[in-house]
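We call the chains A, B, C and D, going by the order they appear; numbering starts again at 1 in every chain.
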Amino acid sequence: MTEAERLSELARDFHRRGWALGTSGNFSAVIEREPLRIAITASSLDKSRLSPADILEIDADGVLLKPAQGKPSAETLLHVAIIRAGAGAVLHTHSVWSTILSDYHIGAGGFFIEGYEMLKGLEGIKTHDHREWIPIVENSQDMKALASEVRGMLDEFRNIHGFLIRRHGLYTWGNDLDEAARHVEILEFLLESVGRRQMMEPQY
Amino acid sequence: MTEAERLSELARDFHRRGWALGTSGNFSAVIEREPLRIAITASSLDKSRLSPADILEIDADGVLLKPAQGKPSAETLLHVAIIRAGAGAVLHTHSVWSTILSDYHIGAGGFFIEGYEMLKGLEGIKTHDHREWIPIVENSQDMKALASEVRGMLDEFRNIHGFLIRRHGLYTWGNDLDEAARHVEILEFLLESVGRRQMMEPQY
Amino acid sequence: MTEAERLSELARDFHRRGWALGTSGNFSAVIEREPLRIAITASSLDKSRLSPADILEIDADGVLLKPAQGKPSAETLLHVAIIRAGAGAVLHTHSVWSTILSDYHIGAGGFFIEGYEMLKGLEGIKTHDHREWIPIVENSQDMKALASEVRGMLDEFRNIHGFLIRRHGLYTWGNDLDEAARHVEILEFLLESVGRRQMMEPQY
Amino acid sequence: MTEAERLSELARDFHRRGWALGTSGNFSAVIEREPLRIAITASSLDKSRLSPADILEIDADGVLLKPAQGKPSAETLLHVAIIRAGAGAVLHTHSVWSTILSDYHIGAGGFFIEGYEMLKGLEGIKTHDHREWIPIVENSQDMKALASEVRGMLDEFRNIHGFLIRRHGLYTWGNDLDEAARHVEILEFLLESVGRRQMMEPQY
């Protein structure tokens, strides 16, 4: 399966699960490292109907390589920043739980997810006895500024597997698309779990 | 795909997602502007089994054009009011979250949804830094009175993308059916998000 | 479609929607009135795999007519009581919301659902401005006693469309299976709505 | 259907229902009692794509019998402990509700589920008037220690149908895979019910 086929299949699956409603969400994967070529979803499309023809190819600066015409996702610079930091695939989803937790915890700049077995689904985590920091950045429509903030954050927190943008959603990634897709499932599960847990009573 | 095919397909999809259970929900789209002809769901049908044959054609006063026999949706006058104000398609759904928020906020006549990235899925909204007013009108079985109230509301709030009827559901619209369907997804997502957010603690 | 085909199809659909998990739920429909013959689900079967062969035929006393061997649902006497009171089909589901509301409101013997547009999906209800009483009876394994209590309740509350058994589930009915199935959808929607509404703050 | 076919089908179904996301969950069934041979899911696989080829065969000590290469589930020793105590099949799922209730009630070492009709879906339970103890054990990555604790717990509570591991998930079992799968459905329903019930107000 090509990157374009897999990306469009994932987009439709995430739409069906409520993580990429409307035109929300954008998804990318490295095609080649040297020189860097990235497959990425086009801007503003309905994710329930995405087809491989809706996947564009960009370079290391986010510039369109092919087809001749097309508008890459508005958040292309964030994908490029995360891929340059080492990821092979980047998935950005908008779920209800990521949206509301990104707002609830904005004052602390993030929150920990700690002690859950499901954390072992994150690459490199071998035990539930782990504290995973989920940073939250303020939302912005200035993509250069936001990408710069994300670069700083990735530099500061080297072991994270994802982050939230306030009232916006989740970014996660992996060495390849399968790993990144697994991280979406794992983090969405954990976000719903900590969100519901906290509604039962204060957790700590 | 004809308007009738697309409307019946949407109805079945919304039923499956819990937004048009039983015989609830009604849906319309402009076929032609001059003179105005509108495709609209017939009254009181099970939305899980809607077929193109269940879509009727009405004129600018909501009077049945064809087929010879048929009963347009009881809420036809509301659809006509919204279409006359400019919409190309109108979708009315009954979800749990729209129902309970329309009751919770009735005292204030509506509520704002503010600061969510997903707002950009609404036509014309370019930034999350937007305050979307969701007006709420009291429910009534007097459709002439309710249509009159809706006309006044559309006149007062010119930039809204939808409104709620108390303990009843959501009306939204768009320039065409695709845009209106996207607005349903976007607003249902936002209603669930603000509803759950508020259950974590007071928001403001 | 025969009653047996329709009943087994409904059972699988309700299982899929979480309203008849495990072997829970039982469903019946009148085949003939004079003399009374009823199609009913056999006892203790997995509803996800129900087939028309799992539907039995019983008489007005709940006695098996055919096939020669078979064990009608343990709650057969309740179905017979409701059908004798006039129903053409009876559906009993076990959802999370019916289960917890039947426990929460047991002290008052029931609760009202009032002012919801969706109430109009109940047979004979023409306006949202309606108070629907949902009686709750204590659960029991003595089916004769429970059927007797249900007969008394149907006699006392002549306009109800369903009732709950405590920590057990919903009984609803209709003139035929389509109407009864619509009542399940309508009441499940309303139970979830009043349940979630009440978690936002006291309703009255 | 072979054990391997049924186990991989169950894994895909549980993934779809949100009970085995990512690589979480593991499932086993006895192939033969004397000498003991067990079919069990391989370690760390994506449950949405499990196929019969991903099911391994182990002996009474959890040692791989076939194929020649393969890594049985990390929690193999827990499956073996439960099967040696009499079960014919063991299913371990990770749902949101089992995860958060296992954390909420850890201080008491478990909690009772009491008075629910759905309890009758558990093998041997004939009435809703039953108190089912759900023990909770602390999570650990030391599988020998955890298996030892589970053996002690099964010895102490002889009539339980499942237990939780803190912030981890549910173990349940049955005489065969059908019974074990029914127990998953029943217990997941009950966990969601008691979790939501408790959020309405204190239960006892």
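What we mean here is this: contacts are C-beta pairs under 8 Å (C-beta built on N, C-alpha and C of every residue); 3 or more make two chains touch, one makes a residue touch a chain.
Remember, it's a predicted structure, so these values are computed and weren't measured experimentally.
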Could you tell me which chains make contact with chain B and chain D both? A, C
Copies chain A and chain D touch via same or different residues, half shared test: different
Taking the mean of the CA coordinates per chain, how far is chain A from chain C in Å? 44
Whole-Å gap separating chain C and chain D, where each centre is the average of the chain's CA atoms: 31
Where in chain A do residues touch at least two different other chains? 199
For chain B, which residues are in contact with chain A within the complex? 115-118, 121, 126-129, 178, 182, 185-186, 188-189, 192-193, 196-197, 199-201
In their shared complex, chain D is touched by residues of chain C numbered 18, 21-24, 46, 94, 96-97, 99-100, 103-104, 139, 141, 165-169, 195, 198-199
